[in-house]
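You will see chain A twice below: alongside chain B first, and alongside chain C after that.
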Partner chain A sequence: MIEITSMPIILIIILGTAGVFLPIISIIQKKTISSTLYWIISLTALLFSIFYVVYRLISSDTLSTFSEDVLTIDLLGNLFAISMLLVAILTTVGSLDFIRKKSHSSIYFSLILLSTIGMVLVAYSTDLIMLFVAWELMSIPTYVLAGFLKKNPSSNESALKYFLFGALSSAIIIYGISITYGLTGSTNITEVIRIFSTIDAEMLPLSLLAISMFIAGFGFKMGLVPFHMWLPDTYEGAPPTITALLAAGTKKAGFAAAIRIIIIGTIALNFDWMVALGIIAIMTMTIGNIAAILQKNLTRMLAYSSIGHAGYILIGLSTYPLSNIGLQGSLFHIFNHAIMKCTAFIAITGVLIAIKTTYIEKIKGLGIKMPITALGFTISLLALAGVPPLNGFWSKLMLFGAALDAGSTYSWMYWLAIAGVLNSALSLAYYGWIIRKMYFEGEKITTIKEPRSIIAVMIFSILFIVGIGVYPEPIIQFTDKIIFQLTMFLS
Partner chain B sequence: MVDISFLVISVLTVVCAIASLELRSLIYGSIALMGSLLGIAFFFLLLDAPFVAMFQVAVYVGSIAVLILFTVMLVKRELIFTKIEDPKRKYIGVGLMLILIVGLGSVIMDSGLKSISTHSAPIDFNEIGEDFLTYYWPALVIMALILSSSITGALVLARRENIENEQHTN
Partner chain C sequence: MNNTLIDFVIVSITLLSIGIYGLAVKRNAIRMLFAIEIIINAANLNLISFARFLPHSSGQTLTLFSIAIAAAEVAVGLALIIVAYRMYKNIDIAEFRSLKG
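Up next is the complex of A and B:
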């Protein structure tokens, strides 16, 4: 039985208390309270949580990868928890000016906090029931948040599509869980993996069916092709701050779950899944990038780019265990992508607040109109493209390098690296098009007052992206320790 | 006997599920949904899980389906679903469903499931209850948070802003 003083439970208490009490405060107060108060409460809870995770990470040596309990405190979970809490902090900070003139701000911040608990717990879960419950806590608040602009039909459409596909993915996951439980008699992932490694040959197809269900179920959230149909419409219609949370937070939780169950599970089953994952990776990055180049709306373009990045991350997962650098690169790219994409969507929020549109043709001269937002946006786009010396370059280098490394064993893996490089070049074309519109087009431009909350996010993100780009060593070492833990567990 | 009951219940459950999606009248759709949920309760009975069956009837048929029925009666249902769906999509959906059923069915039938003994010991519900309060206790806490977020979210989405604004003005 997990202790009440363990880290995930403390996080539930901090974030859960704030999340539950925010709407209650708004109800019991007769006078209308400024949304700034709710913002301060949420931000304090999130900052306290991330400091607590970092403190526990520094002060104690967490070596267990999987535990016999429903939750574990390991380095893999810590990496995802820090990424998701960072994303939640950036989303909350960036939301201040966006939500100020809108009603129900207390519930808006409350739902962000509750969804964050879900994301963090998905990363720490070592039990299928716990994982599913955390998955639902992550998803349900975001269904509401996607439709938060009730009078906007595209927000309604976005929420409905997201809800229907989310419900379908949950149903598929629960089907996978039920087959797994039927085969193993346990919901604990450690136990499931132990039984999977010695399962009868005649039960292997059913085990693979369960793993396929997990790939499909988690694949919806990760935006893998062919489970990506909902993603552009949802990202376009949802409030841009929430799109940041979806693209950088919930999507990454899908990867956390995938690494814990799919990657470890297939290794336990001793089944060669590399070809299947490799094909999905190439399809995902190619379809994502080709579709992105055809878009005229910033949000939609970045939504497709997000699909493309899921493909890059999958390169690393498909090369593991042939190359440890692949999984290391995937983890590093997940961390980087969370910050880069969150920055890009928060910059779009700033653009939407200031010029009321997100069409690429309308952002001409943004570099002069909104210099800091444009700079943050440009840095994040260049990092997404993998331009050195920004953080995205190093993670992409590790991913493509791992594919080349693995190519010496399976020659088809060279194609993963080639597809990755070609897609990166393709993505630079549409990111470059946005940068050109911002800096090299537009006449008679005057400066617009930039929202302060957006400026804060941009300054932090620029420092973060450039800082990790110049000195990536700590994160690379951290991911190396995670791989060491996983390898120890598997051996 | 079990096989015949299983077939009859399966047909009823699936037909009710399809009816709940396809019927234009929301009232009849909700009643069909009740039938489908009741069918699932019978499956639990066949699986020697009367406790779960009882919960299925009490929670899903007794409260959730009735709640849906009341909600349907309280909203202006004539405004919903006026657009006729493209029949081509329906055929594609049915085709995909058949492919999925055949695919899943063949994997399950080819596996070694038939060799599994079904004469297992009866489920100890005390043990389940104990597990919920010991091993699964964080999951119970999270379920409470899910309910909390669902309720606040539903209130926000269902609240009519114009009425609320009028009240503020008054």
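Up next is the complex of A and C:
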């Protein structure tokens, strides 16, 4: 049994209490209170949780790997939990000025907290039942949040499309779970993988069917290419703060689940799956980056670039057994991408609040109008493109380097590195176009007032991105320990 | 009581095929929602029948969770569809074209 004082349970209690009590406060209170109070409550809960996770991480040296329980507390889960809580904090802070004029702000903050619990539990869960429940706890609040602007047709349309594909993905996941349960007689991931590694040859097709259902189901959330069609519409129509949560939070939870089930499961099945993941990786990054060039809207362009980044992350997953650096780079890139994408979408929120539109033609002279937002936006775009010395450079270096290393065993893996480098160059073209519009076009403009919450997020993110870019050692060592734990488990 | 496991699995696969057919062909939001529900119920049937032929019953536990979650999901989905109906007087998702590029 899992103890009541273990870390995930404490996180559920902290975040869940705040999440449940926010709407109750708004009902009990007769006169309307400002959204700042709800903002302070949810921010306090989130800050307390992230400090608690970091404290437990630093204080305890004994670390459990995959366990027989429904939840485990391992380093992989800790990395994902920290990045998701960080994303939730940035989203909450950036939401203050966006949500101030709108009604039902208590429900907005409460749903963000509940969705965050789901993401954190996905990262820690080691049982298929727990994983499914946490997955739905993460998804259902985001369906509502995507349609939060209910007077706005495009918000509603994005929520409806997101809902239909999200519900389909969870239906496919539970079908995959049912096949897995039938084959192995267990729902514990450790047990499942142990039985998968000694499965009969005649049952192998069925277990591959289960794994491909998991790839399809989690791939919908990750935005891999055959399953990506909902993603640009949803990211464009949803409120931009929620887009930050979707792109940086729920997408990364999909990768957390993928590393636990798909990667380890396919290794246990001893099946040559690297080719399949490699093809998906190349298609994902190429289609994402080519489609991004054609866009006229900032959010839609970054949505396609987010699809492209899922492809880069997949390079590391497809080279895993050959080179540890690949998976290490994937984990590092997941962490970096969460911060960079979140910053970019919060900057877009600032643009939307100040000049009411997100078309690229309309942001001329943003560097003079809104200097801090534009600086944060530029830094995050350069980091996404992988310009040294920002953090995106190091993780891309590790990913492409791993593909080159693996190329000495399977020569087609060189193509992963080639496609990755070409796509990075391509992405710099459209990121550079945005930066050029912001700084080198537009005349006779004066500064306009920037929302203060956006400035706070921007300053934090600039320091964070540049800081990790200059000194990436701690996180690289942390990912190294994670890989060590995973290899210990597999051997 | 003479049913074997394969009978249940055949029914479940039939339901899965009906669900996928419905999703692929229909463009009405409520029909698509119910096609998804049919897939979830196919999975539930699978889980229950496997649990009957296995020594322990964690499959039935998962089925209970899955039914409750599916209900929550349908509640959210129908709410979104009602808002869409108020706005467009229509729930055909092929008509929703404010987002494209």
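Definition applied: the second predicted complex is superposed on the first by the 490 of 491 C-alpha atoms of A that agree within 3 Å, B and C clash if a C-alpha of one lies under 4 Å from a C-alpha of the other, contacts with A are read in each partner's own complex, and residues count from 1 in each chain.
Following the convention adopted for this analysis, contacts are C-beta pairs under 8 Å (C-beta built on N, C-alpha and C of every residue); 3 or more make two chains touch, one makes a residue touch a chain.
Quantities reported herein were computed from a predicted structural model and do not represent experimental measurements.
*Asks:* Looking at the overlay, what does A:Ala134 touch: chain B (first), chain C (second), both, or neither?
*Replies:* First partner only, chain B.
*Asks:* Does chain B (first) or chain C (second) touch A:Leu168, or do both, or does neither?
*Replies:* second
*Asks:* Touching A:Leu322 in the superposition: chain B (first), chain C (second), both, neither?
*Replies:* neither
*Asks:* First (chain B), second (chain C), both or neither: which does A:Ala256 touch?
*Replies:* So A:Ala256 meets neither chain B nor chain C here.
*Asks:* Please indicate which partner A:Ser103 is in contact with in the superposed arrangement: first for chain B, second for chain C, both, or neither.
*Replies:* Only chain B; A:Ser103 stays clear of chain C.
*Asks:* Now for A:Ile9: first (chain B), second (chain C), both, or neither, which partner does it touch?
*Replies:* In the superposed model, A:Ile9 contacts chain B only, not chain C.
*Asks:* Quick one: is A:Leu224 in contact with chain B, with chain C, with both, or with neither? Answer first, second, both or neither.
*Replies:* neither
*Asks:* Which partner does A:Val144 contact after superposing on A: first (chain B), second (chain C), both, neither?
*Replies:* Touch status of A:Val144: both partners.
*Asks:* Output the chain A positions appearing in both contact lists, the one against chain B and the one against chain C.
*Replies:* In the superposed arrangement, which is not itself an observed complex, chain A uses residues 129, 133, 136, 140, 143-144, 147, 150, 159 for both chain B and chain C.
*Asks:* Looking at the complex, which residues from chain B come into contact with chain A?
*Replies:* Those in contact with chain A are residues 104, 107-108, 110-113, 115, 134-139, 141-143, 145-146, 148-150, 152-157, 161, 164.
*Asks:* Which stretch or stretches of chain C touch chain A in the complex?
*Replies:* Going by the criterion above, the answer is residues 12, 16, 19, 23, 29, 32-33, 36, 39-40, 42-44, 46-47, 50-51, 54-56, 58-59, 61-62, 65-66, 69, 72-73, 76-77, 79-81, 83-84, 87-88, 93, 96, 98-101.
*Asks:* Sort out for me which residues of chain A touch chain C in the complex.
*Replies:* Counting only chain A, the residues touching chain C are 128-129, 132-133, 136, 140, 143-144, 147, 150, 153-154, 156-161, 163-164, 167-168, 170-172, 174-175, 177-179, 181-182, 185-187, 232-233, 236-237, 294-297, 300.
*Asks:* With touch defined as at the start, can you tell me which chain A residues reach chain B in the complex?
*Replies:* Result: residues 1-2, 8-9, 12, 16, 19-20, 23, 69-71, 103-104, 107, 110-111, 114-115, 117-118, 121, 127, 129-130, 133-134, 136-137, 140-141, 143-144, 147-148, 150-151, 159, 200, 202-203, 205-206, 209 of chain A touch chain B.
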